[in-house]
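Two complexes follow with chain A in common, the first pairing it with chain B and the second with chain C.
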Partner chain A sequence: MATKESTPDDIVRPLNNTSKWWYIAFGVTAAISLAWLTIYGYQLDRGLAVTNLSDWGSGGGVTWGLYIGAFIWWVGIAHGGIILSAAVRLFGMKKYQPVARVAELLTIAALAMAGLYILVHMGRPDRVVTSVLPSYPWTVQTSPLAWDITVITLYFVMTATYLGLTIRYDAARLGDKIPWYLTPLYSVITIGYTKAEDEIVERMVWWLALGIIVMAPLLLHGGVIPWLFSVLGSMPGWQGAVQGPQFLSIALTSAISGVIIISFLLRRAYDWEHIITEDVFRGLTMWLGLFGLLFVWLQLQQVINAVYAAGVSAERVMLATISHPVYIMAIGLMLVVLGYIFAQAVKPSVFSIPRSLIAALAVLWATLTEKILFVVEGLQYPDFSLYGGVPGAYFPSFVEMSSVVGTIALCTLIFLVILKVIPVVELHAVEEHAHGEEGGHSETTHDTDEPGGAVATDGGPTAAADTVQTYDEEVSTTDHDAGTGSDREVTDR
Partner chain B sequence: MTWESIPPGVWVIFGVVGLPVYAAFLGWFLGKPRNIKTTALGSVLFLGLVTALWGGLFATTMVIRLIFF
Partner chain C sequence: MSADDTNETGEEPRHPYETDESFHPLGAEWEDSMRQKLEETEFDADLGMQMARDAQRLVAGELTEEEFYAAYHDDVEEEFAVDERAIFDDIDAVDTDVEDESVLEALSGVDFENEDVSRREMMKKMGAGAAFLGYGAYATFDSQDDDEHIPEDIRGIRPADENERKHRWGMVIDLERCDGCLACVTGCINENGTSTGANWMYVFAYENEDADQRNFLVRPCQHCSNAPCAKVCPVRARHTRKKDGLVLTDYETCIGCRYCQVACPYGVNYFQWGEPDVPMEEIMHLDELDDGRPATPENVRSLDFDERNRQLAEVEDHVYDEDGRWVDSRPPQGTMGKCTMCPSRQDEHTESHGPKGTVACMDACDEAGMSVIHFGDLDAEVGDDYDRAVRYLERRKEVEENPRDKRDRFDDPEDYENPPAPHGTSELNTFRLLEDLNTQPNVIYIGNEPGPNAEQVEGPVSYSSISNDWGVEVKDNRKEHLDYFSDGGGLMARDEEDDE
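This part shows the complex of A and B:
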């Protein structure tokens, strides 16, 4: 546990101070984003012919390729975020409270990138709304694509509502610490705010968190996204109920990796070593290990089931997959990462935050490439003769590959802008820390909520402040939530 | 019950996927403590975001149509 006390001034520092590194990062990501948008404009002008995606009859018959693989990847990254935040609220995993809002914002930014990929993959994106909405009453009955759009919409809206409700608490208390030009925005955010709503909002976001924790893992990335593939019996590389848990394990590993990377960058940029502590990274690394293990285990399930006696088609696609250099690299990277996580679990001195950062980057690269290969191989090895004489093979074009760099830059750009608008660490997190330093109840969850840890003995949702006042006044109230926090744990919702 | 009479999307989307949303709204409106103003704020935010999402998408795609098609 860090000993330096965190204060609200720490969390508003990004709003008030802009270093040259921020300008450099903004300039670089804006330039890359614009460059990619120009390339996308070229695709819109010339059509999908500038990609290597092909219609049935050419290019190996691969109609879905990098774009859909990257779409799945971004949706997966989006999960972590809000699941982590919901877990903080539902299960009292307060250790991760300092990264909870970062995680929520990652969800929104990553989901926006996933949505963008749907547009980018369409030959006529201008028809998406006018064709999807009018036909919805019929398509929703049997089309996994319509289900997919439904769940992504609900997930995005639930997450944004969650953020919109929780931000009011912070905005009402940090109004005197923000730059003048943000005052009008904060006035809008806190419209109608009274101290009495804190308790009610806390209850409402608990219900939202409950909905999200069911919606995101089980119904989106463990549900409608894998169903886009797994229900198709004619594609043995895709078909099978194992795709639900497999997609979920990939989402969770990608998401934890995303949170590790952004937390690392924020900690470095704003000297938040005392807020996003080493303990947080150790915990995230252990979760990465658990979900990574599940990912590899589910791969093993698929390989064994396909190569043993599943049938010629399934064996053919699996043999092609497991002998593909991309697959070998992806699984190899996962095994190396798991080796590191196991080693640091056995010998804690092996752990370092930069090593966990490298592990997170390796996992993201592995999940992206594995997912693209999954999409492509499924189409290249179908189970019916329509594809029989399809010549050629698929490899992403420059236009397609540029989209990965472009969307990563765009996502980073969104984060850079958000950093200048709202605090990316919840005020609750520094309040918790302050109370922990004062002998409050934060020690009850210390070191208890990573996989294999002891069961937390406390950890109700953080109680709202009793009054709207300055932070200094709040922290001087020693019974602020040491009492009400645990009371809240057994309160009816 | 057959595929034709009750297609899977009907119960998957409105029966299963909808449950977390129904539960959240029921919790908002029936749980205590509550006040109608805060519950209304959450509901307006939720519905406003759905509208903004699809409205924004419609506007974006119409701009794309104007420029490229």
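This part shows the complex of A and C:
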């Protein structure tokens, strides 16, 4: 359905052409990042007293708040991202190959932000190495937080390996198309490369993908991260085996949303309508609907189980949660998004890429706020509930809130830099794409790639042509690069 | 409450080797199965069993190592052609503190199945990757005696077994006597110099749903024997002392992640969000070692045990424990604090104003004439040292004894002369907080447990009205206080940047 042939030149365009929009985006995100780092410096100097956190108990507050909620959110995006990319490779979902590397890069950037949040959250970040390492062989047997550190490190390594392996193929073939200053880097990346390794690398990547998919529910957002909360006896709001699946559904919805947003921006900035096709967005939207439905379903399970005949403290925390405006807003947003996705599945003309973009932003907002509320409400309604005499309502301080904006800016900044260093769409994708056009290749591959895929593709062409034209007009003169970063700041705030 | 708190059997436990039937702690049956195992080998089973019996005596201190070695040298050489047991220069390998070594452990020097692979060697033989995974399983499986592998600076999360630890510090708190005067809160602040709102000792006034009566709940740290806070700590800063079960925070390694606070079901932790209100100079602590070096934690630890504790006691240090860990008094900025049950007292550093077996809140409560708090060794039996807690509990049980039982008992004049220890018929109400969470708290309360819908009410004395030696403001709602500072004005109670 592409209007033009996709070529390797398309994917190296970000490396060679830099528009004023890129500089603007870079400037804005760099400024925001620096501003936040300054604020963080203030926190380092004054201590965590500059947050609105306090001691739960007689202190009347919560000791974990926005920082931990945002940490879970970033880890969720990261883990969901790598799961998406692994699924594309493992199940041969060729349609999504153009966004597979975006998902991997999102994983790296989001994991970095999650790691940063661990530091930001700590009272003595200067001791992170000297204190964690000596006791690690013992703490890893007992402390869920030590498991967390292990898993985050493990996934950073796996994703980087993944990326490193797949990039060699591209780097070896694009050597003549890249700007001169990248040549030394590319010669390092392709050290010892021979064509014979392609097949081996492909197999290695397949096994890595298998490992990631298998470990996702066991160790990732379906396991270790929820265990941080669900294994504790102190807070009834966090308990229950449902937390594993619940966290995983949040990770997947957040990551798909992230991929939709980034793909949207890239597509606009670099004229990639023929690479990241409308079909890809339709598919991602359907997947978002499926995982969003899981998210809402698991929420319902928790609510019903807690309010029907659970213990006093479990009921207390759930009643407080479901009557909280933040919760109502988060679930309300999810329901609206699900409504849109259901409607466009039934009637394809309801679909539009900007609408899916808005849905993605709404989902990210919902998952972020739901997760912060999960942490805060959990601590506010402990099993030992006698502390009611010193109540305190937690609302994050300016320093805390600035960290969300700051990390989003930093994450965007990382993306902007990556855009100038490696192709964010893999070479395979444009090659495969060409194949698909010529020989009807897609018919023969596994068609497990999309719930209700038939509907979307059937109704696709007319709507797709329309949208593509609109964008063609907008981007016809120059490619205004991810103008984008700043847009995101505004919308996310 | 379980029987192990009071140890009601009046009989002295006899060491297994003293009994005729079996020398092994696990009894005759186990011994027989061990003998069978030995007989399946090509070696002399009688010799093996005899050595095992004497090994138990050796461990109990009945035999010296020289005697043990000499007695069997010839036999062992004859049987195994070589005596590979530890000889004297290398005798450290024998852990004489451990009394319940199994026969196999005691015989570990004898290679009776030609598998002379010690744990240490086994570790070496594991590959690097396998060691990482394998060790975890191995240590968890056999965690009782893996101490030898753990470096000294890594603390444990459980007190040692009852026969290996010296004490199990804890409290008996008689809520029926408490009138909510908050003397204990003041006593604690005076002792530890905690910041505003960090009420390590906290007293609830509460009402149950269906009653108008005001009740009190005194809440120090419960110093759990299965402490969730120590379990979850990612750096083992929060740890449980093996020797006496105190749950403490090493302020020097704490990274301030606050997971201990999250995991604790009692809400006893207080983080040091900003600069402490009481600067370090004002807290009694060793400043300079006798040899002129500054008393940094590292230097303090470099001294040998006796010398270190002599110097710490000399200045009545209120910061270091006996191993030179910074665990006492208020925490520095960015680390977690909570009730410590006064480790510098229990380690005998502050004899003159706070002897071993006392805590500051108890002293204050006694001074106020209330005697609600009774600190002591919960392993002790009445008559032992530091038996105040268990003795008080016994007395209260006797007083509260069911009147009919009391009458029956005194019908017989002989019983009157020599009354048996009161058993389960006591009508005294006791409880431990949230016992079903299996934290094994070491604070036993006398009185009624708050109901599930109990509500905190205003107490007779407000927190803000109590004063203390440091002139630090006392508050109930710490959040209000902290949030005031979070407006960015930097109005720390004392703005002394350089006081660490």
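Here is the rule we go by: the second predicted complex is superposed on the first by the 427 of 493 C-alpha atoms of A that agree within 3 Å, B and C clash if a C-alpha of one lies under 4 Å from a C-alpha of the other, contacts with A are read in each partner's own complex, and residues count from 1 in each chain.
The rule is simple: a contact is a pair of C-beta atoms (placed from the backbone, for glycine too) under 8 Å apart; a residue touches a chain by one contact, two chains touch by 3 or more.
Bear in mind that the values here come from a model prediction, so they are computed numbers and not experimental data.
Visitor: Given the touch rule stated above, what does A:V151 touch, chain B (first), chain C (second), both, or neither?
Guide: first
Visitor: Looking at A:P184, would you say it contacts chain B, chain C, both, or neither? Reply first, second, both or neither.
Guide: Neither partner.
Visitor: So, does A:P348 touch the first partner chain B, the second partner chain C, both, or neither?
Guide: neither
Visitor: Once the shared chain is lined up, is A:L379 touching chain B (first), chain C (second), both, or neither of them?
Guide: It touches chain C, and chain B stays clear.
Visitor: If we overlay the two complexes on their shared chain A, which of chain B and chain C does A:V140 touch? Say first, second, both or neither.
Guide: Both partners, chain B and chain C.
Visitor: With both complexes overlaid on chain A, does A:V201 touch chain B (first), chain C (second), both or neither?
Guide: The first partner, chain B, only.
Visitor: After superposition on the shared chain, which partner residues are touched by A:L219: those of chain B (first), chain C (second), both, or neither?
Guide: In the superposition, A:L219 touches chain B alone.
Visitor: Looking at the overlay, does A:P125 come into contact with chain B only (first), chain C only (second), both, or neither?
Guide: Once the two structures are laid over each other on A, A:P125 reaches both partners.
Visitor: Share the list of chain A residues that count as touching for chain B in one structure and for chain C in the other.
Guide: 124-125, 127-128, 130, 139-143, 146
Visitor: Can you tell me which positions in chain A touch chain B when the two form their complex?
Guide: Touch residues, chain A against chain B: 41, 44-45, 115, 119, 124-130, 133, 139-143, 146-147, 150-151, 153-154, 156-158, 160-161, 164-165, 192, 196-197, 199-201, 203-204, 206-208, 210-212, 214-215, 219, 223-224, 492-493.
Visitor: Enumerate the contact residues on chain B facing chain A in the complex.
Guide: Listed in rising order, the residues of chain B that touch chain A are 7-10, 12-13, 16-17, 19-21, 23-24, 27-28, 31-35, 37-39, 41-42, 45-46, 49-50, 53-54, 57-58, 60-62, 64-65, 67-69.
Visitor: Okay, in this complex, where on chain C does chain A touch?
Guide: The contact residues of chain C facing chain A are 132, 135-136, 139-140, 150-151, 153-154, 157, 197-199, 202, 204-206, 217, 219, 228, 231-237, 253-259, 261-275, 333-336, 433-434, 437-439, 450, 452-458, 476-480, 482-483, 485-486, 488, 490, 492.
Visitor: So in the complex, the part of chain A that touches chain C is made up of which residues?
Guide: Against chain C, chain A makes touches at 42, 46-61, 63-64, 118, 121-125, 127-128, 130-132, 134-135, 137-146, 149, 232-235, 311-313, 379, 382-390, 392, 397-399.
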